[in-house]
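Consider the two complexes below, in which subunit A is the common component and subunit B and subunit C are the respective partners.
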Partner chain A sequence: MELDLEWEQEVGSKLIVSIASGKGGTGKTTIAVNLALSVGYCQFMDYDVEAPNASFFLKPDIKHVKKVTIKHPYFLKETGADFSKCAEFCHYNSVVAVGSEVVFFPELCHGCGGCLLVGPERAVREKDITIGEIKKGSAKPMIDFFMGNLKPGYMRTISIQSELDKSLERSELVLIDCPPGNSCPMVFAVKDSDYCILVTEPTPYGLNDLLISIEVLKNMNIPYGVIINRDGIGNDEVEKHCIRNNIKILLKIPNDRGIAESYSRGETLIEYDESWKTKFKGMISEIEGVVKR
Partner chain B sequence: MKQLTIISGKGGTGKTTVASNFIKLARDHVAVDCDVDAANLHILLDPDIKKKEEFIGGAVAGVTGECINCGKCEEACRFGAISDSETDIKIDTLKCEGCGVCEYICPVDAIELKTEGQGYCYISESKFCTLVHARLNPGAENSGMLVAKVRNDAEDIANKYNKKVLIIDGAPGIGCPVIASLNGVDYTLIVTEPTISGISDFVKAFELTKFFDIKTFVCINKYDLNLDNTDKISNFCDKNKIELIGKVPYDDKVPAYLSNKKFVIDDSESKAGKEIIAMWEAFSGYLYSS
Partner chain C sequence: MRVAISSSGTSLDSNVDPRFGRCPYYIIYDTKTDSSEHIENESRQAMGGAGIQASQFLANKKVEAVIAGNIGPNAYRVLSAASIKIYSGVTGTVKDAIEKLKKDELKETLAPNVQSHFGTGPGMGTGGRQ
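Right, the complex of A and B next:
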């Protein structure tokens, strides 16, 4: 893929643009990946650490892998110390103790260190637990690629995202592929955005979840626009809602079994049909206009 | 009482479509929507809300007293939620986990943990059964706690009215709401699709159900979209002794049924509908055996 230097200078954008969706499977990753490849020059961050998929399409060359750990306590029962204070303190009910008899539920532990603080001296120790990893690399043409991956069984989504946050640099256009939903992992992923692209599908489920996402972004004062993916399925309620409420529809992508099949093989939309590239570039210029206004 | 949770790893693979059609086919059951921040089960079931209750979530820390800016809380916080400002501290409620360490360590008792309403729980009646669902406030935390609350309410109702089955629609991903929706259930159905992303997320979802030692079934939705990938999923199932309980063909009409508030199983022409019915019949053997 050739890099369009003129485009790069023209944009030289230092915006943070996140791609989110209340409903899952509406095409967040598709949009994020195709935007990145169309612009060619950006920092790409996959914040969907529970189900990271962007790497299948960007095929980055991973250069660094960093383990993410938290600390879990262990209790030296043989000291005969009384651990009941640890159990009393723990807000997550991960410690149950009667005197020196103690049971620890690791899946409930957040690793706050409270039990170490309040427990009997020298009888509570800590060890590192790996909850996932961060990967860094580069993808063609000039994409700095970052992703997080949460290990199944741990509820530490935000801990992995926090680790990704440390690599967020505003030195170029930043694209953030968000996790689905409208709760804390989504909020965490969009929090630094100058603009958020909400991807939806024209069905009652898509509309219902879009309206919740819009509330989230309004509360956070983040400007947004909507992409309607698989246009033609379902009904036109999403479009009507956007028009009635003056919400910018950035793009409509038609429903096409060919697109779905090419996606299933790990191909991108612009590989399927190169004419999308111009539309995605135009979209970033448009977003830049909105933010700088 | 037997409990079945439907999850997927990847979003949008068809969890809610499968769940709502199962709910229409089932008897002696309670429906539960555990995707509390993007709940959709009520859309097709169209129930009347009978009871609404506010959900008080977990605590977050806040500065309530005179801060002396000693920095002890910032140092102790493992979540990076506390930062210094000129005169006092700032607590980032997004990062705060409500662990209480800062409250404990503060020498002048300037920090307090506070709880607040973070959403609503509903008990509703549909044509088919009772539906227990919720709405997390947009952007709120503690979705896992709300899922646990919804499931408790559903279990209470099932016990009270002697219901035999709970059908639970889960959230995408593998994080806290998903874990809370799997905790202690008898069976889980992972709905996946034959795409590269679908496979990767399915494997992670399966690792999760294995971690919690829950009997797992798999349904490949839109299986004919990519037959090579469908083979890969089915080989993975063989190797890991997971029962592949259904393969639903790609059907462009499914979203149209939804838009017209219709169930795909009611169209006798629909191959997707037939497959969902066959899948439910296979499940019934597990769910209604004593």
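Right, the complex of A and C next:
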């Protein structure tokens, strides 16, 4: 028994590190991708299913694509049934009943199935709707790559992320590229993390959203550190805040036109300047130290 | 005919509000009796589908026509299903709009004149990415 436990710790207890930010466009994917390439051997998961872009940089070879479906209602109008209870029930206004007419707005439906429960018996039915897909593959050097893709116009971000969750394994380091913001999709993406890297920029907007992210992570008891990207623009309020509150600044990346130009060509930071590799590797070791302590 | 006008205020001198789903008030005017009442628009705070909710509300109020600045596609679908006449692109005061309607100077709108979420201000809307 003793041996089994040790074995489990050895194989099944690798870290899950998520990369998040309140403000969008601060460099989450840049950090996540460069971390993955620096470490070389990891599981990479793009949880920003509304706008996944890590694949542009990791250029994975996709081997499996799986459709993600949810249930949507449809209403048998010809029964002449009264659907007003369905309309009253729907918090998202996806069903409207006016007189004998019923109007359904699929893009507003969250697929809860409530209208089936409260509506006229047998006159409300369900069918499968494809809302997106998840893709699995591999990228060089030894990266297991996973991403989700939500169809434009659909609101069910979490349904795609839940499907990605099923592939989460702790047999190697897991890097999660999170969606921006601090609402449900971000919370869902960071929920299993052992550590969260918050990427921000040194501007009032960056600081404002960083503070909200920190509140979220504190609530979830997830340790975190900060990366200041495009250091040199804006002001030093982010840095001052971190120092004052004893928040770890993991890395600063300067605002450099050369970095921006290589990014716009689809290149990574470590391709632009290989010395970053050591810094990213060091950062992961540092995070491992913090989590194990 | 009972007509609902999207209004920025509670009186007939208020301006027609450009937003149908997220206007603060509706003035409901009865052209037969020349009587009017104002109703606060509770849908304006809806997470999403404000125009849909407002249309359902006005349909339940037995309104036969609506006058507004802009009507989006979702509200348009519900109002059409409820056989409510739509007059969009209207500006000026509520009183002027009613006068024009009486003189048959308003042209019925036969297609939505703006996209979804047109009247959604910053910080409101569907609660998606922030």
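The rule is simple: the second predicted complex is superposed on the first by the 277 of 293 C-alpha atoms of A that agree within 3 Å, B and C clash if a C-alpha of one lies under 4 Å from a C-alpha of the other, contacts with A are read in each partner's own complex, and residues count from 1 in each chain.
Rule of thumb we're sticking to: contacts are C-beta pairs under 8 Å (C-beta built on N, C-alpha and C of every residue); 3 or more make two chains touch, one makes a residue touch a chain.
Bear in mind that the values here come from a model prediction, so they are computed numbers and not experimental data.
Touch criterion met: A:112 reaches subunit B, while subunit C stays clear of it.
Looking at the shared chain after the overlay, A:155 reaches both subunit B and subunit C. Look at A:261: by the touch rule set out above, it reaches subunit B but stays clear of subunit C. In the superposed pair of complexes, A:87 makes contact with subunit C only, with no contact to subunit B. Subunit A has more of its residues touched by B than by the other of subunit B and subunit C.
Looking at the shared chain after the overlay, A:62 reaches neither subunit B nor subunit C. Of the two partner chains, subunit B and subunit C are each touched by A:182. Contacts of A:24 after superposition: both subunit B and subunit C are touched. In the superposition on chain A, A:243 makes contact with neither subunit B nor subunit C.
Looking at the shared chain after the overlay, A:98 reaches subunit C, while subunit B stays out of its contact range. Residues 24, 50, 91-92, 155, 179-183, 185 of subunit A touch subunit B in one complex and subunit C in the other. Considering their complex, residues 8-13, 16, 35-40, 43, 58-59, 76, 78-80, 94-95, 97-101, 104-105, 136, 138-141, 143-144, 171-179, 193-198, 200-201, 204-205, 207-208, 211-212, 222, 225-226, 229, 250, 252, 255-256, 258-259, 261 of subunit B touch subunit A.
Across the interface of their complex, subunit B is touched by residues 21-26, 29, 48, 50-51, 53, 56, 70-71, 89, 91-92, 107, 110-114, 117-118, 150, 152-153, 155, 157-159, 162, 179-188, 191, 201-205, 208-209, 212-213, 215-216, 219-220, 230, 233-235, 237, 255, 257, 260-261, 263-266 of subunit A. Across the complex, subunit A meets subunit C through its residues 24, 50, 87, 91-94, 96-99, 101, 103, 105, 108, 155, 179-183, 185. Against subunit A, the residues of subunit C that register as touching in their complex are 46-50, 52-53, 55-56, 59, 74, 77-78, 81-82, 126-130.
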